[in-house]
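Chains: A, B, C and D, in written order; residue numbering restarts at 1 for each.
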Amino acid sequence: MANANMNCWPLIVIGGSSERSQETMGAFQEFPQVEACRLYTKFSARPSSIETIPSIIEKAVRSSIYGRPGPCYVDIPADFVNLQVNVNSVKYVECCMPPPVSMAETSAVYMAASVIRNAKRPLLIIGKGAAYAHAEEALRKLVEQCKLPFLPTPMGKGVIPDNHQYCVSAARSRALQFADVIVLFGARLNWILHFGLPPRYQPDVKFIQVDICAEELGNNVKPAVTLLGDTNAVTKQLLEQFNKTPWQYPPESSWWQTLREKMKSNEAASKELASQKSLPMNYYTVFYHVQEQLPRDCFVVSEGANTMDIGRTVIQNYLPRHRLDAGTFGTMGIGLGFAIAAAIVAKDRNPGQRVICVEGDSAFGFSGMEVETICRYNLPIVLLVVNNNGIYQGFDADSWKEMLKFGDATAVAPPVCLLPNSHYEQVMTAFGGKGYFVQTPEELQKSLKQSLADTTKPSLLNIMIEPQATRKAQDFHWLTRSNM
Amino acid sequence: MANANMNCWPLIVIGGSSERSQETMGAFQEFPQVEACRLYTKFSARPSSIETIPSIIEKAVRSSIYGRPGPCYVDIPADFVNLQVNVNSVKYVECCMPPPVSMAETSAVYMAASVIRNAKRPLLIIGKGAAYAHAEEALRKLVEQCKLPFLPTPMGKGVIPDNHQYCVSAARSRALQFADVIVLFGARLNWILHFGLPPRYQPDVKFIQVDICAEELGNNVKPAVTLLGDTNAVTKQLLEQFNKTPWQYPPESSWWQTLREKMKSNEAASKELASQKSLPMNYYTVFYHVQEQLPRDCFVVSEGANTMDIGRTVIQNYLPRHRLDAGTFGTMGIGLGFAIAAAIVAKDRNPGQRVICVEGDSAFGFSGMEVETICRYNLPIVLLVVNNNGIYQGFDADSWKEMLKFGDATAVAPPVCLLPNSHYEQVMTAFGGKGYFVQTPEELQKSLKQSLADTTKPSLLNIMIEPQATRKAQDFHWLTRSNM
Amino acid sequence: MANANMNCWPLIVIGGSSERSQETMGAFQEFPQVEACRLYTKFSARPSSIETIPSIIEKAVRSSIYGRPGPCYVDIPADFVNLQVNVNSVKYVECCMPPPVSMAETSAVYMAASVIRNAKRPLLIIGKGAAYAHAEEALRKLVEQCKLPFLPTPMGKGVIPDNHQYCVSAARSRALQFADVIVLFGARLNWILHFGLPPRYQPDVKFIQVDICAEELGNNVKPAVTLLGDTNAVTKQLLEQFNKTPWQYPPESSWWQTLREKMKSNEAASKELASQKSLPMNYYTVFYHVQEQLPRDCFVVSEGANTMDIGRTVIQNYLPRHRLDAGTFGTMGIGLGFAIAAAIVAKDRNPGQRVICVEGDSAFGFSGMEVETICRYNLPIVLLVVNNNGIYQGFDADSWKEMLKFGDATAVAPPVCLLPNSHYEQVMTAFGGKGYFVQTPEELQKSLKQSLADTTKPSLLNIMIEPQATRKAQDFHWLTRSNM
Amino acid sequence: MANANMNCWPLIVIGGSSERSQETMGAFQEFPQVEACRLYTKFSARPSSIETIPSIIEKAVRSSIYGRPGPCYVDIPADFVNLQVNVNSVKYVECCMPPPVSMAETSAVYMAASVIRNAKRPLLIIGKGAAYAHAEEALRKLVEQCKLPFLPTPMGKGVIPDNHQYCVSAARSRALQFADVIVLFGARLNWILHFGLPPRYQPDVKFIQVDICAEELGNNVKPAVTLLGDTNAVTKQLLEQFNKTPWQYPPESSWWQTLREKMKSNEAASKELASQKSLPMNYYTVFYHVQEQLPRDCFVVSEGANTMDIGRTVIQNYLPRHRLDAGTFGTMGIGLGFAIAAAIVAKDRNPGQRVICVEGDSAFGFSGMEVETICRYNLPIVLLVVNNNGIYQGFDADSWKEMLKFGDATAVAPPVCLLPNSHYEQVMTAFGGKGYFVQTPEELQKSLKQSLADTTKPSLLNIMIEPQATRKAQDFHWLTRSNM
């Protein structure tokens, strides 16, 4: 129902409920589904009759994409399926118009520009909202014109390419910790950004918030300036200010120097890890080789714990809205569904565009059976299962056997450990896709090459890594607390 | 907590719940109150500790006034009252900034101006959202500069004075029915505006929606133009268009003539009714005399069925945000609470400013005991109870006695009839205020004059009207269906 | 719909909601009412069609009275009111049968009897559940046959007359604190019974719980025996045990002596307070005179803080299900509604039976306007407003005036203080009932006598008491904490 | 926490939520989980402190097993995990006692016995509630002593062995349709029993309901007698009646003859289907061979559409509480979780007892990845995937290929069809279990024999059947409507 040229995708769940006439009688799967969806949706409703289905769907679609986007639920009782109505009584409605766009107040834009101009250590943070708003062009112009360092959030990656010269992802903690002015483009100050609070930030850091959602502004911090409106429109407003009175942040400032040094040392540390020759491989080695071969325009889907967190720092995105991961909620099990959806979009819109799905072994366990769907529809997704035999950390096969000697596995095995050496690639071959059991960098290079070359079939690379592998050492202990 | 210069009033309910340590044990008034408030609020939460009370209150206040305003709930468990914490552990937060303001996209504003310029029968509708946005000055300029007819919604009354020469309230149905372009300023197309649908509107009427809430845009109709943003800011954007390329709607157009004629005939009909000498009085007589004496700057509070509906057409508002009625939801019983709140605001801000509370007798029954509060705090509210012995229609005392002869009152009396000749004024005198039993226009004039002259005491006028009195005849049957 | 001989009263709320076809459009009073009632009801539903109304009502009635009784909600959309259906398509259903009765397991009954026989300091507590179960006859037999001391809960009063020789209400705290075996008949161990925990009870007290609700058993304590079933049926099972092997608790035991002594001293203290001659009167004086004149078979309705709490200790109930008060939840404002319902039942079933409604002045303020309803239907309710000018404690008129001198009443008056000397009796005379302003014991005696003599009209006695009056001193500080 | 000798299993979900101090800040996985679980649980709560965890768990356990059993939710915030408290402040509580047992009123039992004695065509239905109540011994006595025909519901299978001479499952529809008296033992008149209404039942059939839940009694029908209480206790009460005045239903009655004839013809039809030699096999052939080898004491877990429905009619249960299927709600995906739970119970209680999990291929797809868990803990579960390449009906590989020729699989493949010839057995071998691809009866016999012989490893038999296979023809069209 979405307009082809709408550039945004409503998220509507259509659910089936039991026959209306059997309600309260103990019908099959009788449940108050509209009510049960209330907490999870922007709009949840059941059409009161077949005649009103079009209006309800229109409202669900519109609610899903207007304002801050979100999911909606429409409930269709079983008896609607066979019910007949007079065609003339149906209230047809057209699809809604593309979402209305709003801009920030001119004086606030002016003030924001002024705060940026006076910043000693400025930083832009590009969030998911910037991607939703299609702000990529405006943001790139702003960054390049003003020569400002920027950081993407996990879902903001690719709005400006990760390898852009002003991207300071490799010095993320440093950038957050010492910036004196931070401009948030569609990024919330939630746990992902450590709530905007010390010790991850300067106590007197000035936040400028650009957001489509008024109620988001001022969450957890008192912002210096708030710019309420569509992120793309507001970014253009800021650009206009810097066009009127051109300004750029000095590229040789000590802030840029600090950031560049930190990036260099972090990148060196990563590269050092990536080049380790010991087997099993570590995360960095794996992602380094993956990154080398990934097509520039591919979709990257990812979920897992370390796999998602470390993978994000190595695997680069060059296009907006081409990364899909477990998101703010960290919901495991959504990876394969995302990959299937992306593959169907790609098939339709840009045949040849690939979908790479980078899964932790535990994450894969949530919905790994979806490879049947992938194979059924011949979607040439490349699935990488980065397998450390566990969640965060597993055991190797020998330790596992040793441990089991002492008794009952259900009692002894730590709940975060999974079966060592599971052959996840066979879950793929069971349904006719290609499977690779990968233990060395060379095997990884080769099997990935073959997988990417084959556009007719899905493949799964089961990549064995050191069960105790972790991320590289962090400067401060509080950098490794998952929610700090 | 609201900033004095914020010009908006957060609506926060602070509720007390039972002691946390007794939860699930059957504590006094134990109930999941945060959950129970979910459907009614924008934000409902309990601070997790005393230390976090300031942040939660800040968030509640901010949520209440940012974006589309709405109520919030904060739950305080009983044990917090006596709990002690170290002052240093409390996380103090400053009050939030005034709500952020957003503007409509420039191109949409341009398009809206163009649609207006090309309108044959234009109409502006000024809603509650315009009042909340303090758009009075901008809107008055727009109306006067372009000479456009306008209609206020019940809660939009007073944004531009009701007696403004371009106000076409007296021809409301005609204006809605034949307009070809309607601009909604913070007014929803809900039941109050008949959903924007035929037969109350032309099937091809073009709606231009100005609203702060994206999800409101497109509700029930497909609008010609949507202007998402703060109503005041957007009105100014429109004004700018008409400043750049001046334009005005011809005051001698046939549309203006139609509207003026209809207004004249409707006003004549009302005046005719108002001047009827028969007793008991009818609604129009009562409101005509009330209107004559009301101070221009008073707050008008109102609730009831006919009392509120007819009263609204006769009693004029000259100032924005000075009318408080049962609103979209038609909740009866809120009148006296509103009046008390308004009187306290007036006392503080503008001593001498009066509050007039126009109640139907049934509506008064919902919370009439609040006169105790009014008297306790000596708030010089003037309460008018327009008493027809029932809801919509009652019986006179003789019919009532006749009816009761036939048996049991509980069985015989229609549920919409109240006790004839109730002396509501004695409910006021019981607490030391002044009471008047009013049966004639002369008594009404005199007692209202006395009440308005006395700034030290509240008074209540119990105004007896014809129990069968109704509103004046409407042109079409569907004009009297309450929700059409 | 309830069977006449069912002896129980379903509590069904039928609510009206907006037209189904306007749902999600912004209909008048559109709201998800079924969902909003979920937390408050045993069953909340909307019939899917007119045809299914009878089944839904049947299910609501049945759910309300089967198992532990509770309220149910049925939602009727506005469009049902005028909708027409073929009479033959309606699914008529008969009213449900009276609630099914269950009994306790024989072995548990045996064990319970044995624990009782071995008790050193036994106590029976008779709760609301015993009243609902119509267990009065069985319980009286059990008490008399075994000569056991008993206590009623507030809503259990009257199951056995309060003046029964084995009733130890006058030594409530003592009885609870030292009993070694307590048998609960349909009484929950919630805040009203101090959760069954020390210091209000012996740490090793043995509870025997008789309850219709399995999930209630074991709440807050580990009971010695649980008897799941209908309270009346289970009481008969216990009686059978004591018939088979007769046993009685020695009336001259030291436990009975302790209780009798404590009762005597408590009663003396109350009588002492009641006989105080100083004016204004205190609570005990008022209730003493009220108690003297109350008809034995009247309904007593009560709400308030001290008024309800102290009133309960002095005013006696002689019949089961003839006391209605604010209950476990302490909901203020339900008094007049209860009184009206009781008066209509009495009118129907036992003309001449009186309803006495004992209200605190604050409680009366919640729904005092219902006197209009009382007068409209000529229900000869006797309303007593025990007026201390506040909640828990008010001020006298002189202190009030003094206080107001210092400035703004809204700022100065404590929120628990109400307007001194409010003439609540005039709220009654305003609608044609009789009103009395009562300041002395003599006036109280006389006006109550007149009110009780007049069966044709309601009356209200506004009884002025000492604003600082409280209950009599308690032995331990924790006896006065309202929820301990 | 459940008592070892309690014989019942509480169902408690312990959920983790975000840190309390970060609530409303956008914490990781912040969500109102207690509220979200409300509709799904009997009790949902968060302990207010670490100290109250034991009481809350006790209440959750008790609520789950007392009265009608059901799931409960307990929420543990993340910060509890590392919080420290003084051991002495923790309120330890003992585990609750086994669920209290109640019995039916004696007079109702008497009346029920009398109705049974006078039945012309009696039928007992044994439901899940009978299994929960451990009523197996009492029910078998009742059936055998009175020679009454009985039917188990899906989850009531095994309370009396399926091969008992009085079990009339093979004539289910006939038995329901013509019985004049039906006694329900813990079985609800919901969709599984066609609501107790015509045409599946005689319009004047007399229902006798035995149930633990009062509110269940009278649902959808007006029962002749209701027996509220524990199903085991009530069955014993009935037995006592038939002991006092012995009675038996004549085994040569025409009702018994009708049932026996129908059973014979139905069994012949099934056997006929089972013996078909054509390949791929049909459902009956598969289940016939499975049934032949199943150990008498095994747990049977099952889910799917036809697989579960047809499997239930062929695979027999001989022990109560040894069948676990998708239940009333028909929730797919629970099979492997049930199997794992059963295997762990078996391991503990009765090593050597086997778990057989009979899955449809679609059902297996919901949680097939749980084979990793099965292999990790070496649980020797025997998984049968009855594979028809789809839901209800799939395609064979040739038709599938043909169909795909015409274009895009996502567009062409019906949503109920799955990938033909999926090698689900390889999902098992991927994790080290045994896998079999089974196409003939001989292969089935052999591989099942091997699987049952091996107690050290799990195995999975991927059993290919005719994609268009269905159940045998039914007498009436309404017998195949899934929810009629």
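Quick notes
Keep in mind that, in the parts below, a contact is a pair of C-beta atoms (placed from the backbone, for glycine too) under 8 Å apart; a residue touches a chain by one contact, two chains touch by 3 or more.
On a predicted model such as this, the values are computed, not experimentally measured, just so you know.
Two chain pairs, A-C and B-C, are compared here, and B-C has more C-beta pairs in contact (counted per touch definition above).
Of the pairs listed in A-D, B-D or C-D, the one whose interface repeats that of A-B, with over half of its contact pairs matching by residue number, is C-D.
Mean C-alpha positions place subunit C and subunit D at a centre distance of 45 Å. Our note on geometry: subunit B versus subunit C, Cα centroid distance of 39 Å, whole angstroms. Per-chain CA centroids place subunit A at a distance of 57 Å from subunit C. Subunit C has residues 25, 32, 35, 38-39, 43, 59, 219-220 in contact with two or more other chains. Chain contacts in this assembly form a complete graph, since each chain touches every other chain.
Touching subunit A in their complex are the following residues of subunit B: 38-39, 42-43, 58-59, 62-63, 66-67, 93-94, 96-97, 99-106, 108, 213-215, 217-219, 222-223, 226-230, 233. Here subunit A touches subunit C in the complex through residues 20-21, 23-25, 32, 34-35, 38, 43, 45, 48-49, 52, 55-56, 59, going by the rule given at the top. Contact residues on subunit B toward subunit C in their complex (touch as defined above): 18-19, 22, 25-29, 31-32, 35-36, 39, 78, 188-191, 195, 219-220, 328-330, 344, 347, 364-369, 372, 375-378, 408-410, 413, 418-419, 422-427, 429-432, 482-483.
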